[in-house]
Amino acid sequence: MNEESLKALLQSVQQGSCTPEKALRQLKDLPYENLEFARLDHHRALRTGQGEVIFCQGKQPEHIIKILKHLGSKENNVLATRLEPQAAAIILDHFPKAHYDQPARCLLLHPLDEPTIPGKILVMTAGTADLPVAQEAWLTARYMGHDVDTLFDVGVAGIHRLLEQRELMDQAEVIIVVAGMEGALASVVGGLVEQPVIAVPTSVGYGAHFQGLAALLSMLNSCASGVGVVNIDNGFGAASLASAIVRRIHREN
Amino acid sequence: MNEESLKALLQSVQQGSCTPEKALRQLKDLPYENLEFARLDHHRALRTGQGEVIFCQGKQPEHIIKILKHLGSKENNVLATRLEPQAAAIILDHFPKAHYDQPARCLLLHPLDEPTIPGKILVMTAGTADLPVAQEAWLTARYMGHDVDTLFDVGVAGIHRLLEQRELMDQAEVIIVVAGMEGALASVVGGLVEQPVIAVPTSVGYGAHFQGLAALLSMLNSCASGVGVVNIDNGFGAASLASAIVRRIHREN
Amino acid sequence: MNEESLKALLQSVQQGSCTPEKALRQLKDLPYENLEFARLDHHRALRTGQGEVIFCQGKQPEHIIKILKHLGSKENNVLATRLEPQAAAIILDHFPKAHYDQPARCLLLHPLDEPTIPGKILVMTAGTADLPVAQEAWLTARYMGHDVDTLFDVGVAGIHRLLEQRELMDQAEVIIVVAGMEGALASVVGGLVEQPVIAVPTSVGYGAHFQGLAALLSMLNSCASGVGVVNIDNGFGAASLASAIVRRIHREN
Amino acid sequence: MNEESLKALLQSVQQGSCTPEKALRQLKDLPYENLEFARLDHHRALRTGQGEVIFCQGKQPEHIIKILKHLGSKENNVLATRLEPQAAAIILDHFPKAHYDQPARCLLLHPLDEPTIPGKILVMTAGTADLPVAQEAWLTARYMGHDVDTLFDVGVAGIHRLLEQRELMDQAEVIIVVAGMEGALASVVGGLVEQPVIAVPTSVGYGAHFQGLAALLSMLNSCASGVGVVNIDNGFGAASLASAIVRRIHREN
Amino acid sequence: MNEESLKALLQSVQQGSCTPEKALRQLKDLPYENLEFARLDHHRALRTGQGEVIFCQGKQPEHIIKILKHLGSKENNVLATRLEPQAAAIILDHFPKAHYDQPARCLLLHPLDEPTIPGKILVMTAGTADLPVAQEAWLTARYMGHDVDTLFDVGVAGIHRLLEQRELMDQAEVIIVVAGMEGALASVVGGLVEQPVIAVPTSVGYGAHFQGLAALLSMLNSCASGVGVVNIDNGFGAASLASAIVRRIHREN
Amino acid sequence: MNEESLKALLQSVQQGSCTPEKALRQLKDLPYENLEFARLDHHRALRTGQGEVIFCQGKQPEHIIKILKHLGSKENNVLATRLEPQAAAIILDHFPKAHYDQPARCLLLHPLDEPTIPGKILVMTAGTADLPVAQEAWLTARYMGHDVDTLFDVGVAGIHRLLEQRELMDQAEVIIVVAGMEGALASVVGGLVEQPVIAVPTSVGYGAHFQGLAALLSMLNSCASGVGVVNIDNGFGAASLASAIVRRIHREN
Amino acid sequence: MNEESLKALLQSVQQGSCTPEKALRQLKDLPYENLEFARLDHHRALRTGQGEVIFCQGKQPEHIIKILKHLGSKENNVLATRLEPQAAAIILDHFPKAHYDQPARCLLLHPLDEPTIPGKILVMTAGTADLPVAQEAWLTARYMGHDVDTLFDVGVAGIHRLLEQRELMDQAEVIIVVAGMEGALASVVGGLVEQPVIAVPTSVGYGAHFQGLAALLSMLNSCASGVGVVNIDNGFGAASLASAIVRRIHREN
Amino acid sequence: MNEESLKALLQSVQQGSCTPEKALRQLKDLPYENLEFARLDHHRALRTGQGEVIFCQGKQPEHIIKILKHLGSKENNVLATRLEPQAAAIILDHFPKAHYDQPARCLLLHPLDEPTIPGKILVMTAGTADLPVAQEAWLTARYMGHDVDTLFDVGVAGIHRLLEQRELMDQAEVIIVVAGMEGALASVVGGLVEQPVIAVPTSVGYGAHFQGLAALLSMLNSCASGVGVVNIDNGFGAASLASAIVRRIHREN
């Protein structure tokens, strides 16, 4: 509801084509649905360009089922993230056609469509143990309509594995770097490419890793400028940011 | 030095148009300059699309002067960040035409040119005390050739100040949100727009703010997806990332 | 035992209407009951206006049962908080009429009475995952005799969901804001209303949320003044403070 | 701008008594003043019941002077907090009638008026070193129109000093407890009274006090329920919350 | 092996009453037993006045059994601490006469003897949930031969429960204060008595308690001087220190 | 004011030898002096066996002067700790006979008397940089009437320096170990002696020492049982605890 | 691929003995194997002198099995670390001749060979609970071809147990000190010997140990210079560093 | 004093060639000098192979002067580290021939000798701001008799600057990597070479660098195995460890 549309609405009230009551309803009744325990924001797709994704952590299975039903009736597909296997089993009983990706802890109501937005996103990992987070990023980006390349296990302890993959990096619009331990891959990639780099610290490591804090601080202090960081293990957030950038690049003007 | 150019070089060696010694030099002598205490990476502009910026913290004035002289002889303008007033005074004696912006703690060898890259970057702050960091971001983005809008003091304690500025937000390609205290502005903006949002936590606050930690954690945990975070008070890093995104949007394909 | 009553007691000793021994007992024998492992403070209701609530964490079921029996014989109802399901099952065997609310992890010996104190408390949450903490706050406030409204899932990522609920906020005497992640809801609400706002950070979030630390620091640094913060996930504490305020507003003078 | 006033505005547009352009301006032009570097929220007094207070930390003296001039022309008095002595000296040159309280680091444009709101606020400190924070709380509450009692140096290491002051506590509507070191005073007072207690941890202590963290954690974990905590050294925030409570108690219904 | 005994040994070598080989053995063969995975320090009782206690955390049951057998053959009784129930069950199969105290997670090979050292130790707790730690302290002190009084659930939220127990405090030589949450009891007791006070923070609390950190910092910052602090939940350590003090008081000179 | 004296007072009221008003005053008027900004606890010497010591940190010089005057008129000597040199200079102008010990940051109104209490306290340091804290401990203990030995620079990196000083350790009733860096000296001494050991972590170290945190955690986790820890750099607190122990050992029974 | 070999390759291209295509392949095709989810770095043995070890934490059993098969076909033996018992059981089904060491959580495909590299590594522990970490270090060093001595349970609380083992220390080329709690053993050993000391903090301890943080900080702040620290519980890393040192000492020049 | 020499001493006592008194003195009088405030460990050179270096932080200039005089009379040269410029000025007045290196904050009594120990140590830095720490390492290693190469400003943001320096790395026996920010250089170097790598995190960085914590955690979690870490900014410690390794490699067997 920006200035233009507000003025138009007021003019239609002045001209009598819209009653004050109706205008009031329109101004007040923003398009969300109230399920008491949750308010579904159908409007978000218009506002931010992305449909609502269900963040399942801390939600009870029956609540997730109700939200899925309401969202599923209005959108083509729905993505649920941070869904633990036990809860997924309960939910799959109600949506037998849905697909659950256990390492990524994600559920999709329908199969993924082919990518609809031009431009590639590259998801890289430093090690094999970072795969679940990378998988969450891959699934989210694919769900949002993007074409996604992957490049796994190219950590800096064997830097030749990374350097020879220059071409794959060059083909991407945005690069998502998923890394645990000391998270140095983000800095090395950030120093090699001109594309925006999104760094995802993972909780992979032990001891003084402190559940991802070491990689997080490392990435925030990257000596390569132009690296944006998201929360620890937050593959979803990285893909959301990557999607916003790629959609910006490829929108029709 | 990608696969193509390597192949070309090898072929010229095979064909005798290039001696092995010359090829060796070319492979080895990557374009940087060695000042003993520093290695100037003239190659970075080609590689990442951004010229080298001097991060002055911890460097001695005489070193900064030498680096400025070497960089200044090869590029049109040079930006120096995190330069304390005392050191700036010494440096200005050697570069009387340079300009020092004290709140931003930045120095420019020459005046800023007009923006050369289409597309706007918007720099917002939650409060007046966040201005120095916003100024560093503004200067960096302008130095990199961008057109920059600003919107200051629109923190969430008076949310109407923010909501009426929707148009300014809509005109930007990327939005940089600079906020201290609880840093909530990043979440509110992130939930309102479809553009990529870059969040810069500032060390503004006291007590349990712990020099910016509160705002940093807040932004990393933003309930609005698609927010990329940079280091505390790092206006330069935010502008670098914003620049990478905008240049990606507006490059000629 | 204030100055007035002490003087009265001493006068009755002087006048012989009270022996020194009896006065001694009265001064010494403050009204609590000693169960060896616990000292039940029946006096607290007089002193602070609130009956003792059993904080079950770390207590063994048999101890909780004994305390419930002693308190239950003297008061109309008893509230037990932080009671895990396994312990609740054991206790329900001894008090079959009691009610256990699993999400809130609370047990009540008897059903809740109708509210007896005028004035409303509003409990808001930013997301659906904050519900258990909100439920603990709701139950505690209702147990203490208050009328409680609720408003769930109005987090700042979709700020229109919040702004249209102005009326519900205006009707409350005190507002409890329960929020995890970046906890920004407390600041936005604090900037909108004139009522006292009590903020409850929750441990909802992952990665750099550090079990609620992010939301806690965020709320302590709220740019909206006049927000009081309680411990992470402490719905009980928030309701206690809200109750003290509302009882203060509506006491007969 | 609630539903009622919005409807009225729309009706006046329908009836022709207000043009769409004028309505647009009214909807858009919320009462704040834009100084470029700051947006003064004159509307806040209506919205939250408290005038804007200038938080000076991180602001440059010239900015503070401009804000003071703009606010001073519309309100009877203005309070500036966290103002360092050097900046205060510059500002006093422009406002020679203003008063600067150095320990509290606060400046007032005009002398304090007599209290206008019934009901007392009590400000207590555990030690003498907590006085500056208590003074900030006292000044803020007085500036907001309240009657304030004080009780200093009653820390729990000599608990008899506290216990004999029961009467002063009983006379207050709200009690602000300012304490550093282990901050135990908040728990002891919270266990003694029925009034709402607001706890302010101070950075008084050394070593493992970590600039107030020890007292902050202590107060958040108070075994006395119903204690609301504000940021470390935040006397202003405590007074704001106390003011909101007392105004709630004593508003005319 | 002090200077005196060394001199005596050397003189006996000089006088021929002791061969160099024998002296060498004596100097080298300090009285401990090598079990390969552990070195039992039988000498400690002479050196520090306390027999070795088995700290079981991280040790495998078979190792604990071997150590118990070796120690049990040379001393009257043995105490094992931090022994989890599952491991205890395995061990009790080998030592059917041993007694395992589950809340305290301690095992004793033989029943406790009557106290042999004069002077009382008082163990206090703030709440009922602190009992397991208090029980570990009680058992340790009793095992070391001391007479121990207890006073439970006298936290500062109901300070009258504490104040009336002055006599019990006065009768002790040393007071151990066990408290979680904000740990304020240590400060209040420290301000009331002239005896040495040993404070044991417990991990009782939630949210911003951070597994005992809040109580630990609180006790280290006690405004009452002369309080010695031990590790979180370390009832054993507190009793050891108390024992050292009481044995010092009551040794024969 | 224990049970006995309360009963006696009440009996004297009953018998008419004391009026209720006089008894009231006695019960109410505990022996402290109210200076408005401070309440001097003359009673503490009776209650805890130690006179009040002025903790100067955060106090203004004029306040310290007033407190010194009031305390100085009733006691033989007064100790002020944590007094910075600038403040000390101001104070010495008012008390020209006082002595200020700059490394220890302590001031004494009168010269130290000879020790009056039997039994020795030993103050050890690991390094030379720990001397200021050790000096605070030494001065405090001497001020409280004790005989104090010292043993400096016996850190574990050269363990022979420590082992040969066994005799000095054996002669002490209590040992205070002052150590920064990794604070290992406390563990080694704790494993060698039967006396109570009080460990004082110092802020000596750099980098990952975090202002004394490393030494503090090290001492709290000492593998030698029976070590009591005080706050970082808290020589005063260590001496207070040592004094309480030694006075307990040497009181007449 | 150093300068020499690059020059030789280029010369063979010039001389026609190597085609550009073949040279390109050689330059590009560095010897690693791509399993999609992992890139096996067979080249590492040449580059760093150590074969790749599988870090199993976070890897799925099927992935580990595939990696073992690929690595096992090219090398004599393979070491897998941080392998949990459940995963080990699955893997042992596929490699029945492999050996799993449960305390060390390590798996070896084939039995250990006799040591092939001269020079001894000594692995010491402070306590019995540090054994699993020491065992990981022992196994890793043995797997890398070294001769390893052990010395367990020589913590500083009984320093004579350590001092008499001087000879064993003197015989080692490098000493690995594994210690939890306060980790003081590293400092004491570091002060006694001239050999390089590698310190491994363990997560043994409770309360304020914070999962190894206490021992880590302690070792980083060791007052004995020349101590290198590895991550908490990282026996593997310590052995790798020790191996690098010993191979350096005993390589043929 | 090992077993052999002890036996020899005892035999000489038995044979009368040494009196018990003399033996006692020899056993007791270990070679250190007692200056009361410090104990100079002349014995350390024999024990650990390194002469005592004066760590000046926290020491008063007059103490440093005394120590320098005592050490200077017995050794050829003395190194003092962490010496602030003001203190250095005072000390240089007493030792006019000494040399003070301000960036490194180190003082040498005499000029450095030529290297006496074969084998090179390489000191690398990621950036120019890491130079002071690298300089401390360089000076320490040279003082200890080693040959030291340097390689500055080869951080991973421009990885080609590093890769072309392979030869310099190959020539070193040990590599010291000094890096701030995210400290990724340690991992990249650790993955490239077979030599032992010693990582020194520096406090270079801002915001979420937390005075070196980010680099420290990063290095402790290096994905390249075999990296030993020392304290933040501890160039001295790194050089000490490097020296111990190189002396081990090049001792005569």
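Note that the chains take the letters A, B, C, D, E, F, G and H in the order they are written out, and that residue 1 is the start of every chain.
Going forward, contacts are C-beta pairs under 8 Å (C-beta built on N, C-alpha and C of every residue); 3 or more make two chains touch, one makes a residue touch a chain.
The structure presented is a predicted model; accordingly, all values stated were derived computationally and were not measured.
J.: How many hops, at fewest, get you from subunit A to subunit H via touching chains?
T.: The fewest touching-chain steps linking subunit A to subunit H number 1.
J.: By the touch rule set out at the top, what is the minimum number of steps from subunit B to subunit C?
T.: 1
J.: Consider the two chain pairs B-D and G-H; indicate the one with the greater count of contacting C-beta pairs.
T.: More C-beta contacts join the chains of G-H.
J.: Based on the averaged CA atom positions, which chain is farthest from subunit C?
T.: Chain H.
J.: Any idea how many Å lie between the Cα centroids of subunit B and subunit F?
T.: 53
J.: Return the distance between the CA-based centres of subunit A and subunit G, expressed in whole Å.
T.: So the centroids are 38 Å from each other.
J.: Indicate the whole-number Å distance between the mean C-alpha point of subunit C and the mean C-alpha point of subunit F.
T.: 40
J.: If I count partner chains per residue in subunit D, which residues reach a count of at least 2?
T.: 3, 28, 44, 127, 157-158, 190-192, 205, 207-209, 213, 216, 220-221, 224-225, 231-232
J.: Among all the chains shown, which pairs meet the touch rule set out at the top?
T.: Those chain pairs which touch are A-B, A-C, A-D, A-G, A-H, B-C, B-D, B-G, B-H, C-D, C-E, C-F, D-E, D-F, E-F, E-G, E-H, F-G, F-H, G-H.
J.: Hey, which residues of subunit C end up touching subunit E in the complex?
T.: So the residues of subunit C touching subunit E come out as 28, 30, 32, 36-39, 41, 43-44, 55, 57-60, 63, 82, 201, 203, 211-213, 216, 231-234.
J.: Which of the residues in subunit A end up touching subunit H in this complex?
T.: Those in contact with subunit H are residues 126-127, 155-159, 163, 181-184, 186-188, 190-192, 205, 207-210, 213-215, 217-225.
J.: Spell out the residues on subunit A that touch subunit D in their complex, using ranges where they run on.
T.: Interface residues on the subunit A side: 3, 6-7, 10-11, 13-14, 16, 19-20, 23-24, 27-28.
J.: Using the touch definition from the top, list the residues of subunit G that touch subunit H in their complex.
T.: 2-3, 44, 47-50, 53, 166-167, 170, 173-174, 190-198, 216, 220-221, 224-232, 236-237, 240-241, 243-245, 247-249
J.: Touching residues of subunit D toward subunit F in the complex: what are they?
T.: Answer in residue numbers: 103, 127-132, 152-154, 157-158, 160-161, 164, 180, 204-209.
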